[in-house]
């Protein structure tokens, strides 16, 4: 089967879906790989490396996409490029199927088997294919670096002959994969770290990284069977804001990662909370793309209000594009090799399988994913 | 006595010589303090905080400088402003007396007692006044943050379901105060750190931070009684370059801090060594202002050659201006309080004192510093 | 002062030397000096023994000593270093033989009370067992006889018969004790036979433990002989060796993670016990764990989320260092999904400054996990769950795991039998070679560290 | 079996119980049960003792026991918890008195051999010393007599005279032993006097050690009495107590960082020794350090460059945790220039995850350093050098330091007497209250940790 | 010969005494001392012989006095030790 | 009475034996065993009585045999232990 890897077209997208190392492994499985010219340049992988790994370098993007039996990319395709894809081909990328119903329809109509990377279930078995995790993880690290860079202080404590510099206080809101990595990175740098999440199970995880979990009593909260947070009621959100206000005003850095899968992100930090921070403070809003946890944060801008910098970068993993590409590519490889049948040389799309049941959106001209199907009904 | 603190005029200088906390302490000693309007704004200290601490806010810079018995600033004054200073006043700042002979002459002629902060000796007793140390320390931290930010990878090692990310390799050349702090910060972030310095005593210090000291046999090297490195012969420098080449080519981040006090910095990393680094690598050259350790580095620019970013920021401490100002201010306070006579309410300029002997350049119309005097003779 | 008194005071001195000697033999720094002290004690005791009243004929004694010394010293000097254990078995056997003979000879020295008769019998019985038992042990170690555990049907019945025979003949002899009693000969024969029967069914690998136990017996035999001839030093030295030998045997069993009973009778009941152990949770104490760690030469730590919860990374690193100093090879195998975020274990181990060289990936450790003496699972669960490999119905079936169940011994450090993140039961905990070290991981490891004095 | 034999076998049983009891008293978990076991042993011994052949008049015995039991139980029950130590002293004194009396009474039981006479004398002498010594200790502890060390001129001469008197009268008595010998009375008197003289010059603070020593004596006295009346159990129990008491005394001395000789004779030679100790380096072993740590309730670590070199931060943090668990308050005082770069110590301690709350600045610790029981200087030198404070000629004069020399005890952990970065000698190392723990800091601390079992 | 036996017993007991006590935490020092002290009241068993004699000579009365003193030591010693240890225990438990 | 004494001695020695050996590193197991084994050759001291008797009955010859065997145990045992320990030591030193 022919794999096709086009260069990412989105602004600020420096990642690539497949790196040479995975190309090598896939060819060993018996797949052939075509990549677009210079697709890996921004993440540090040259055409030579791809060629050496066994990929064919193709200049013509259209031809490339037309020829692929399996198309691998990071970002969702635009409507126009969907038309290029072979009917019956397999298309794997982020898709945002909750919101992109037109795109999903287009893929379905064309008979494309579309796999959405954000729909990979959060199970232990699927973790190796879970791109949300792998990328969120890097985002957690990047956020701390961005904040540290912006802060007009240093993060660790230092007792020096010229006085004692107290450690910076970092407050992480939402301790999912990204939040935990942010906590770990800030701790590493010597910050005093506090964290909050609505899911109570997270408290132990936060403490296991040496940070302090902030207790705010919100009454009944919980998580779905996939481990995602449930949405809060508006009273609960008010309670949460109240409880956080004081901590935020004492923090040098606030990092927000709160998300509710498939819904706009909760607005947790209000403008007056931002105003209560000391000048020079920094807030990083990871949820900026899905609505923002922080009032006033804007995608891909750093807004300064009252001396506080509000960093809202929509594509954090892309900042460490080399590692991010490596991990995304490994996720794709793991997905393909899990369902690759070496004898028949085909990908077995067993829709009864736990993982495929969740992540395959359309197949043979039908929307096969239950959740997306239900979404249409209502 | 009247202390005057003008706002720094240099481009990119965000620090301030005195922070409100030190103002409070100095007034308690019986000194009165005047600061220029908004002098602390860039480092996070407001006029209100100064006023509260007991300082008078002065709008007119000229008046301010004219009235000061003691003038405190970070950067050296320009020729014009020297003329404003009272004769007999004490002027404390960085001066760069080795190179700024005109400025020194101007100060001497005006009968100003000029104290050069870079001439504070590196003794245990003087360490609390040692601004070179306190600022270099912060610079060490900042360099790692800058490099981490620029790198397209993450620094720590991670073994994840999407493969193992190997730890970034950081190579620190010159393990003085800044170098050691850079090592410590990189170690904290989980890097594999190697370091080199010409002074053999440093090996133990490097290892005490958990990093690896690279042994390169240069023959006889050494340090002055102040702990500064001696300059290398050109053969030695060649030997050093040879030894480092391979390490640099395997490093993700190279940080150079090599300086020889009072002389241009040694050119250690040549263009071909830069070329041997992997694309995406980062080099930070701390010595860029005094000539640069790295071929091609330019002050306050990030030069990208062959995918390698060459960061040369001349004023690193200013990036963390709040902490940098706090430490510089503490150094100044420690200096003043050490020689302040509470009974006579004067600063005792005892030129027999070890510390003053080194750092006072001109006094009562004469150049009193031996080293600077000798410089003139040759 | 009479000669007798002096002799007896010398005995006290030699007893003191024995005590010091044994004590010092227990620590590497002093062991050699301890052996010297104890040999001086022996010399004193021998000289004192020679002054005993009844001794007239010194020539035969000298002859005996001469022959014995030659044989002993030659054997000790010529034996290859690798053959030490079997040599010790032989020496031990001759000690047992001596006790048997002394007991027997006592019967010729005059009237025999029932008490004496009983002690003589004990000396003969224990001495005899020691003698032939040691010979068999020697044979197995030197591979002169089949070193495998030799089991035959009816073994139990034969042994029971021997025991009954010993009781009966012992009773009949002590009713009418005489050097010429036929029951005496029966007794000697049965004792020798019992020694053979006791050791034959034990496998060659367990021989060191057996020798240590027989060593303890030879002390007890000497002690019994001491009672027979009413000699203090025999009693003191004999019971010292008897008691310390039992302790040492126990220590050796612990280091092999076996019970003494298991060593002695595994040959007999092998088949029956195997089944019973399966499905059984075997908790282990910190102390027992220590003995295994002490003897291990390849240790692999497998950290999981529990290590993070316990914040045990620092003590784990320290234990690793101690084991390395102890000569073991130490590694840390990191499963990609261990913990609760990618790289969770890396963060912790870097904090504890575990060198990167010691970290190995799952795919690197699995092919060589068979060579790992101890796999230490620290608060990990799902990532070492063999049902991911074996049980098709398991929700985690198909996930690659670290195959700790294939290591020689597995220690699992956790607080309870609770399951991990995925909520799946873990058959590893019931494994044949698994030992559960229950408790907070940090405390358990700190406990082991403090055992390494 | 005769009654005598049964009694003797009971003695063996009670000896076994005493051994177990003492063993168990040494560990917190079992101490109470140990005391119970030992009291059962005592009961058995008493019952067995009552069956002795010579006893006819049980009434007087019952009366004696009755009175003694009432007094003893009342005293034990009514004493305030704080007055326990003096109560133990009193009980101990009565034990000594009993041995003295038993020894003395033995003289009335018939013919006395020289051997018996000597043992009787020992019982009287040691029992007498124990008796009055304990009384004085009681007096000092309860502050009924001046608790200060009482020293008067000629004390030594008086003591020498007493000793000579004891030797002479002892000799004269044993030449012609008789219950009516006047030398006997002299002996009793001198023994009592010696007890007073021995304890009077020791300060009240050292009384616990003295009581422990006297306790050991009372065991020895019982042992001597046992020899006098040829009673096994007295010998066994007495010598057990005698020996374990000496060990315990030694342990207590170590925990006070004193030698036994120093405790006993400091009162006599106080003035002369003071000078000699000055300027002397006092190394301390890991074990001794442990005893002090064990007893400390406020410990402050002062890390320096040496901690970094030794990479000891992890073990230091662990020791801190252990001490906290042990009930001590623990802090880390960071001197601003410690190490080789600003914040050097912070980096290391953060790596070891020492909570920020435990870090204190120089200016915070100095005012309260007097309350610190142990200041642990870990590879620091210049930053704790008192000559920066006191010696105007020192190149570091004027630098503020952490005044560890004002703490109660200072441990300095370094490898040698070498000076630090500034090359200046450090008088701290010669301080009165300084103990040098030589060796690599990491190893030293790991050693201390392993002592905390 | 008895003397020899007794000396043997003495020596062995002394060794045993030394070996028994090794590492004792500071909190147990006083109870251990007190418990050992109670054992040294074993003199009681030796005092019976004199105290139970028929002739009411000085020896007998010395013996009776010895019985009394030794009983004080034994009874008081064990009781006071137990009191200390019980306190100790409850404190420990309280800590948990 | 002698039996009583002997039992006392026996009991105390056993206790002492138990107390003496506590933690022994694995490397010392064999030497310790061997050293203890040499001590059990103490039977030698008891064998003299029979071996040195005048009447050359079976008892005497049993005694002589006992002397020989016991001597093997003693001499061989001590020597072999020493050999093991000397190796052990040099290895240790070699490591440093």
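Each chain carries a letter (A, B, C, D, E and F) given by its place in the written order, and its residues are counted from 1.
Keep in mind that, in the parts below, contacts are C-beta pairs under 8 Å (C-beta built on N, C-alpha and C of every residue); 3 or more make two chains touch, one makes a residue touch a chain.
Computed from a predicted structure; not experimentally measured.
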- Note on the structure: Every chain in contact with both subunit A and subunit B is listed here as C, D
- Query: Which other chains touch subunit C while also touching subunit F?
  - Reply: D, E
- Quick one: point me to the chain whose Cα centre is farthest from that of subunit D. A
- Between D-E and A-D, which chain pair is linked by more C-beta pairs in contact? D-E
- Examine where the copies subunit E and subunit F touch and state whether the two sides share over half of their residue numbers (same) or under half (different). same
- Message: Can you compute the centre-to-centre distance for subunit D and subunit F, using the mean CA position of each chain? Integer Å is fine.
- Response: 38
- In whole angstrom, how far does the Cα centroid of subunit B sit from the Cα centroid of subunit E? 74
- Note on the structure: The distance between the C-alpha centres of subunit B and subunit F, rounded to whole Å, is 75
- Shared-interface residues of subunit B (touching two or more other chains) are 127-128, 133-134, 137, 156, 158, 160-163, 165, 188, 190, 210
- Junction residues of subunit C, two or more chains touched: 19, 232, 236, 311, 336-337, 342-343, 347, 350-351, 353, 453
- Identify all positions of subunit E at which a residue touches two or more other chains, and write them in rising order. 1-3, 5-6, 8-9, 12-13, 15-16, 20
- Note on the structure: Chains touch in the following pairs A-B, A-C, A-D, B-C, B-D, C-D, C-E, C-F, D-E, D-F, E-F
- Within their complex, state which residues of subunit D touch subunit C. 311, 314-315, 317-318, 351-353, 446, 449-450, 452-453
- Task: Note which residues of subunit E are touching subunit D in the complex, please.
- Result: 2-3, 6, 9-10, 13-18, 20-54, 57-60, 62-89, 92
- Query: Considering the complex alone, what residue numbers of subunit C touch subunit E?
  - Reply: 4-5, 8-9, 11-12, 15-16, 19, 232, 236
- Residue ranges of subunit C in contact with subunit F within the complex: 18-19, 21-23, 25-28, 31-32, 34-36, 38-39, 41-42, 45-46, 48-50, 52, 54-58, 60-61, 63-65, 67-69, 71-73, 75-77, 79, 81, 84-85, 87-88, 90-92, 94-95, 97-99, 101-102, 104-109, 115, 179, 208, 211-212, 215, 218-219, 221-223, 225-227, 229-248, 251-252, 255, 291, 294-295, 451, 453
- Message: List the residues on subunit E that touch subunit F in their complex, please.
- Response: 1-2, 5-6, 8-9, 12-13, 15-16, 19-20
